[in-house]
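One structure, as structure tokens, below. Some questions next.
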Amino acid sequence: MTNYLMNTWYQAGFADEIAVGDKLARTICEIPLLFYRRSDGCLTALVDRCPHRFAPLSAGKVDGDTIFCGYHGLGFGADGKCNHNPHGPIVSALAVRSFPVAERHTIIWVWLGDPEKADAALIPDLSYIDETPPQARTCGYMPTAANYQLLSDNILDLSHADYLHPDTLGGINTTAKSNSRLEGDTVVVDWLAENCDPPQAFRATIHGANRADIWTQVVWQAPALMTLGVAAVPAKQPRKWEDEGYTLHNMVPETRALLPWQRAS
Amino acid sequence: MTNYLMNTWYQAGFADEIAVGDKLARTICEIPLLFYRRSDGCLTALVDRCPHRFAPLSAGKVDGDTIFCGYHGLGFGADGKCNHNPHGPIVSALAVRSFPVAERHTIIWVWLGDPEKADAALIPDLSYIDETPPQARTCGYMPTAANYQLLSDNILDLSHADYLHPDTLGGINTTAKSNSRLEGDTVVVDWLAENCDPPQAFRATIHGANRADIWTQVVWQAPALMTLGVAAVPAKQPRKWEDEGYTLHNMVPETRALLPWQRAS
Amino acid sequence: MTNYLMNTWYQAGFADEIAVGDKLARTICEIPLLFYRRSDGCLTALVDRCPHRFAPLSAGKVDGDTIFCGYHGLGFGADGKCNHNPHGPIVSALAVRSFPVAERHTIIWVWLGDPEKADAALIPDLSYIDETPPQARTCGYMPTAANYQLLSDNILDLSHADYLHPDTLGGINTTAKSNSRLEGDTVVVDWLAENCDPPQAFRATIHGANRADIWTQVVWQAPALMTLGVAAVPAKQPRKWEDEGYTLHNMVPETRALLPWQRAS
């Protein structure tokens, strides 16, 4: 197994993807996972593999607070222990690992490491999501056949926009005032392009002004949660909070993927 | 190479697939094999790789009792020894391994292990096939991208039908009287569901009766030959031989495939 | 990495594929390579991976004598050293390996081994290409999902035509007078089929004659450059130079591919 950061909260999905009685299969850090929502509205996260004959539990059925395997009908509760065996006694080996799971900021979080260390206070503060009216938010998935760390690599240096996206977003960051700093466990990088020729993507925002002050910011938290802030205003005008937009890029490793320097030659 | 059982008979095909002068390529236990039928009606089984420049012999031509390689024309007889070399002398290295092969119960069998131990008496007794009129038999292949042992795993426990096939075959075996036993080298499992509500698939057989006695049986022989017997009769009626139907599931490993517990995490 | 012959010239393409300012990406011996033509008309060959964040340089832009990475804009000159860094100082680690490259006989050649040993005099003499008028030449690529050595194996023994191509080229070489010899580092094999029934492919050449004298020759140079000569004349007529045709088969290994005897079993 690759070296994944285990004592951390990973995003498994969005809270509204699982209604009561629904289930969701995910693979995170090469671990197959089953999520389902119990009748009390809380989520359960289990290893997605029946300990009997190894079928994926996610191919089974949720009934009440139990997931029933679709192969031979064994049932497992929120603690991962078998609570129903149609074929014989319930022995202690009939159990799957259960993981701490939480819901916050519209996101489902799962803790794959030492359960003793699973502290909901360690969930990153993304309260800007909650403060945004639902009709002003959008979310989705971007499955990517590459090592997840390459995406942090990409976003942490927004000067790439000048070279990869010259006709839309680029042209301002290589020459902008830039500042990088460590704030606790967080990496923060700011760019401020003052009195610049606004790239195409910002022109609607500044209502036809010819020159703009454009602020961009990346906040990185381990292993790969990034918040990208941006605000464009006509040059020399003050930046107000309603000018700011935030995008969360929350990279989650599913399976192993090599980094470029791990390849041959 | 995976640990395959070698001193055993594997099914390579059906006898009627190869007429005199025909050939057939198969891979069993990762060994590429060529089968062809000689002019005396008997079969030859050879490693399917010319010892000269390693082309598959199965891409060549059968002429009389010889397979001629399609690359440079070398010929090999039933013993695997070269009997024709258009380019020079026939040296002893010009030979491929030959395997014991037999035909019984409409099936072609090949022995990949120690040829000294290849005893046709070890071919499983499937005389129920011969006793069945041809028009009452059917056969075919089911290529499966999974470890062949998982199929034994599946069939040995027919209670899975209650969960995987609830609308057709299921509903009777989890609660049936069941008996498992070892008979010599054979594993036998019986189920008897008495006075049961007949599953959909059995209703035509019992001519509209509301309750049925349904007997099912699995006989397993190493490495993965299984005979599945079934008989459904109206409840409390005696079971006669003509009520019984038999299905042979003869799993043959072609190439390696991992079992679920051999995967990561 | 497989054992490739490194101190040798490999063909990377055809000279007319890269005009001034153009670029070409190739993988040879598992090494990703970028070729581009500078303003002085000469070619540069570099490892196709930016040392900054490992993007392929071939996805960037050539401007003058510099290749600019398309990810963050770093520029590299013909010696592989960074000559432009929009983000900070140019440190010595900002460099990629540069390879000796040459153009001769319409072909681009690259030397991947010890640069001290890169001697243009070691480029095989293919002056028959230059002596042929352009309108009488043709060239192209044949991407092949197999170990490149198997192609030498194929061409070195033209008797295969009798078995693989019996209706077009075959029927004469197994029985022809044949001679194999080592001339310095070159392997030469000749076949002369005298007074033979001409195979289909030669009939137009001999203008309807019923019998022909057909000469074929293979010249092999390490690692896998082969020149195939052929001349067909009506039987007993002298062979003149204008009867001869030559085909270069220049096999270049891109990535590793197993040979048949390196596979399982």
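We just call them A, B and C in the order they show up, numbering each chain from 1.
Just so it is clear, a residue touches a chain if its C-beta (ideal position, glycine included) is under 8 Å from a C-beta of that chain, and two chains touch if they have at least 3 such contacts.
In this text, all values refer to a predicted model and were calculated from it rather than measured experimentally.
Under the stated contact rule, the graph of chain-to-chain touches is complete, every pair of chains being in contact. Both chain A and chain B derive from one sequence, and where they touch, under half of the residue numbers involved are common to the two copies.
Relative orientation of chain A and chain C, expressed as the C-alpha superposition rotation angle, is 120° to the nearest 5. Look at where the CA atoms of chain A average out and do the same for chain B: the two points lie 48 Å apart.
Contacts with at least two other chains are made by no residue of chain B. Interface residues of chain A facing chain C in the complex, by the touch rule stated above, are 153, 157, 159-160, 162-164, 174, 259-261, 264-265.
The touching residues of chain C, counted against chain A in their complex, run 1, 30-32, 49, 53-54, 68-73, 86-87.
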